[in-house]
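All chains are identified by letter, namely A, B, C and D, in their written order; residue positions are counted from 1 within each chain.
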Amino acid sequence: MMGKSRLEAFSDGVIAIIITIMVLELRVPGSGSNWQALSPLVPVFLSYVLSFVYLGIYWNNHHHMAHTIGRVTGAMLWANLHLLFWLSLFPAATAWMDTTHFAAVPVGVYGGVLLMAAVAYWILQQIIIRSQGRHSVLGRAIGRDWKGKASPLLYLLAIGLCGRWPRAALGVYAFVALIWLVPDRRIERALASVAD
Amino acid sequence: MMGKSRLEAFSDGVIAIIITIMVLELRVPGSGSNWQALSPLVPVFLSYVLSFVYLGIYWNNHHHMAHTIGRVTGAMLWANLHLLFWLSLFPAATAWMDTTHFAAVPVGVYGGVLLMAAVAYWILQQIIIRSQGRHSVLGRAIGRDWKGKASPLLYLLAIGLCGRWPRAALGVYAFVALIWLVPDRRIERALASVAD
Amino acid sequence: MMGKSRLEAFSDGVIAIIITIMVLELRVPGSGSNWQALSPLVPVFLSYVLSFVYLGIYWNNHHHMAHTIGRVTGAMLWANLHLLFWLSLFPAATAWMDTTHFAAVPVGVYGGVLLMAAVAYWILQQIIIRSQGRHSVLGRAIGRDWKGKASPLLYLLAIGLCGRWPRAALGVYAFVALIWLVPDRRIERALASVAD
Amino acid sequence: MMGKSRLEAFSDGVIAIIITIMVLELRVPGSGSNWQALSPLVPVFLSYVLSFVYLGIYWNNHHHMAHTIGRVTGAMLWANLHLLFWLSLFPAATAWMDTTHFAAVPVGVYGGVLLMAAVAYWILQQIIIRSQGRHSVLGRAIGRDWKGKASPLLYLLAIGLCGRWPRAALGVYAFVALIWLVPDRRIERALASVAD
């Protein structure tokens, strides 16, 4: 009954703004005008790239998932807002890592935000699958969903590592981003087979 | 004559930006990197959650209400901008509560913004209902609209409580959010009965 | 050949962000938590209302004008970007008036931005009218366009008043906003007569 | 299979926000209220105009290019995000030039961002052309693409000039903007010939 275009448009808007707000952190401190002035920006830049890639992954997969929605329900609207809530914490979590030079607690909090966003995405996915009944396109598309199941475990592992090795935790976050970088071709394939 | 897609898109854009601008408040002060550094953020975080939920409620109900619009009139455009104006004051009102540790006047001003947004929503709703004539889909959908009528009274009650018990006022704001959290199923149902 | 939906969507996005960025000025200074702390905000609030109303007028009239566009040309895209450029200076011009307590030069600069936005709107309007040929819907709709012709003259008058009476200039700005507040019913009417 | 409307809408959103975030730099420093107070803003204003024009060019050409897309692939989504990434660095690069009064390194970094954005645009263009097969509309439209080939060379030349003559480098950036200001009529023409 409800179209999904507004759900898509609103999510696009919020994710676009979250991505762009992070850029506000990329300020060269003081009035230095040489290459040395840029050096404190290097970790800030790298953490911006990491968060940008994560938000890009969420946007891409959201794009594919929303494509399978038939009728938008109230539960979907709220599950989607719940996902956007956790994504909206990326800029603050990224900024705290930056200003503390990637100390243990901030890196762990960043991992907690990643974890909660993954949980929120999973909840939204389940609500969509249930609404589609037994022969759910999305349900078949994600199949056993090993990426969706492995990611939260890897985040938990990384959070456990933070106390001693925050840099190792960051490595795990980057690794999870890499395994997701391939967009959800499973859904593309399943949709293609429906179209045939 | 005018399509409603731009009214929806513009409202989505403004609400998406308002939600995301509030995130700019979520900054860990100083250079602390432990859990104690997060403790002053707890009330800021809770007030962010409250305002996020309120904006989510307005977005959801706006989504449902706009769905019933046939033809966009000039009066609707301005009633909608009027609603967006009051919603745009959420970040400033939330920030003032935060920096004053939820003192009486700022909590009352926040309630005033909630009240004016509710009034603006009611005006927009009335204009849409009138434009639909006697057998208004929206008019039937909202029915006796007890939520819409109780909310302003509860906000007024909360504003009255602020002088002595600002925390009780916050409790009332949270309570009103809870009774609205269920999206407007009345409209969904009325639309469904029309479709049949 | 090109659809106008992206031109509309992009303009909506930019105007939505400009409106919302102005809210960032609405910060209660210091840590005051009583009504007196709000008093320095009163002029800031009033100038926010004025700029919000102006941007609302531009958005509404843009909405009506874009409705008459058939085919988007390169010239329209650039004339539209030119309009958005001057609108994007509203937050900076408003903020300068605020911090200088409405001194002569800042009030005059604000008027200059209003003037340039009006000129940019007129250019966009002319380009659309020319693209529609002799029986232009928009051309007939705006008719003699007395509002469009009077506004720049009133802005020039107000800028002239700034040196001695900046408050009188503000009064003129508010007056021009008032005569525009009624959305462009001329276009609505002309479109309706075409539809008949 | 996937519609291109979300790719367009998301790109519009990000570019709209990037353009508007740059406005946050346009702040009159201190509390000066006369014309002299504006003089330090002149170079800031000019660099804002330059970056605004560049983002306008990218938006316009993106508009034309996206028009030729038939089916959105995962590779396109990521090539598009890659382009948006480099565009998102415009505000930070512009701000660094401003605060250092256009010193050698910041002007060179700005050129590097221009170069990377051009490369990202070229990659996206190639991916779209390949997806369209031998008789690609976009491929025919851009033809020999001399602008697309000359721009990176001119950026490299300008970066080389920065060490000694940063102002000459800025002149080259402005010159490249000028040769692009004409929107991609080649694509308009090719699409028109297809429509015939």
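One rule holds for everything that comes next: a contact is a pair of C-beta atoms (placed from the backbone, for glycine too) under 8 Å apart; a residue touches a chain by one contact, two chains touch by 3 or more.
No experiment lies behind these values; they were computed from the predicted model shown.
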item	value
Rigid-body rotation angle, chain C and chain B, from Cα fit (steps of 5°)	90
Copy pair chain A, chain D: interface residue numbering same or different (half cut)	different
Centroid spacing, where centroids are CA-atom means, of chain A and chain B in whole angstrom	26
Computed distance of Cα centres, chain D from chain B, in Å	37
Multi-chain contact residues (two or more partners), chain D	9, 13, 17, 24
Contact set on chain D toward chain C in their complex	8-9, 12-13, 15-17, 19-20, 23-24, 26-28, 31-35, 37-38, 49, 52, 56, 59-60, 63-64, 67, 181-183, 185, 188, 191-192, 195
For the chain B and chain C complex, residues of the former touching the latter	1-2, 6, 9-10, 13-14, 17-18, 21, 24, 74, 77-78, 81, 84-85, 88-89, 91-92, 95-96, 99-100, 103-106, 109
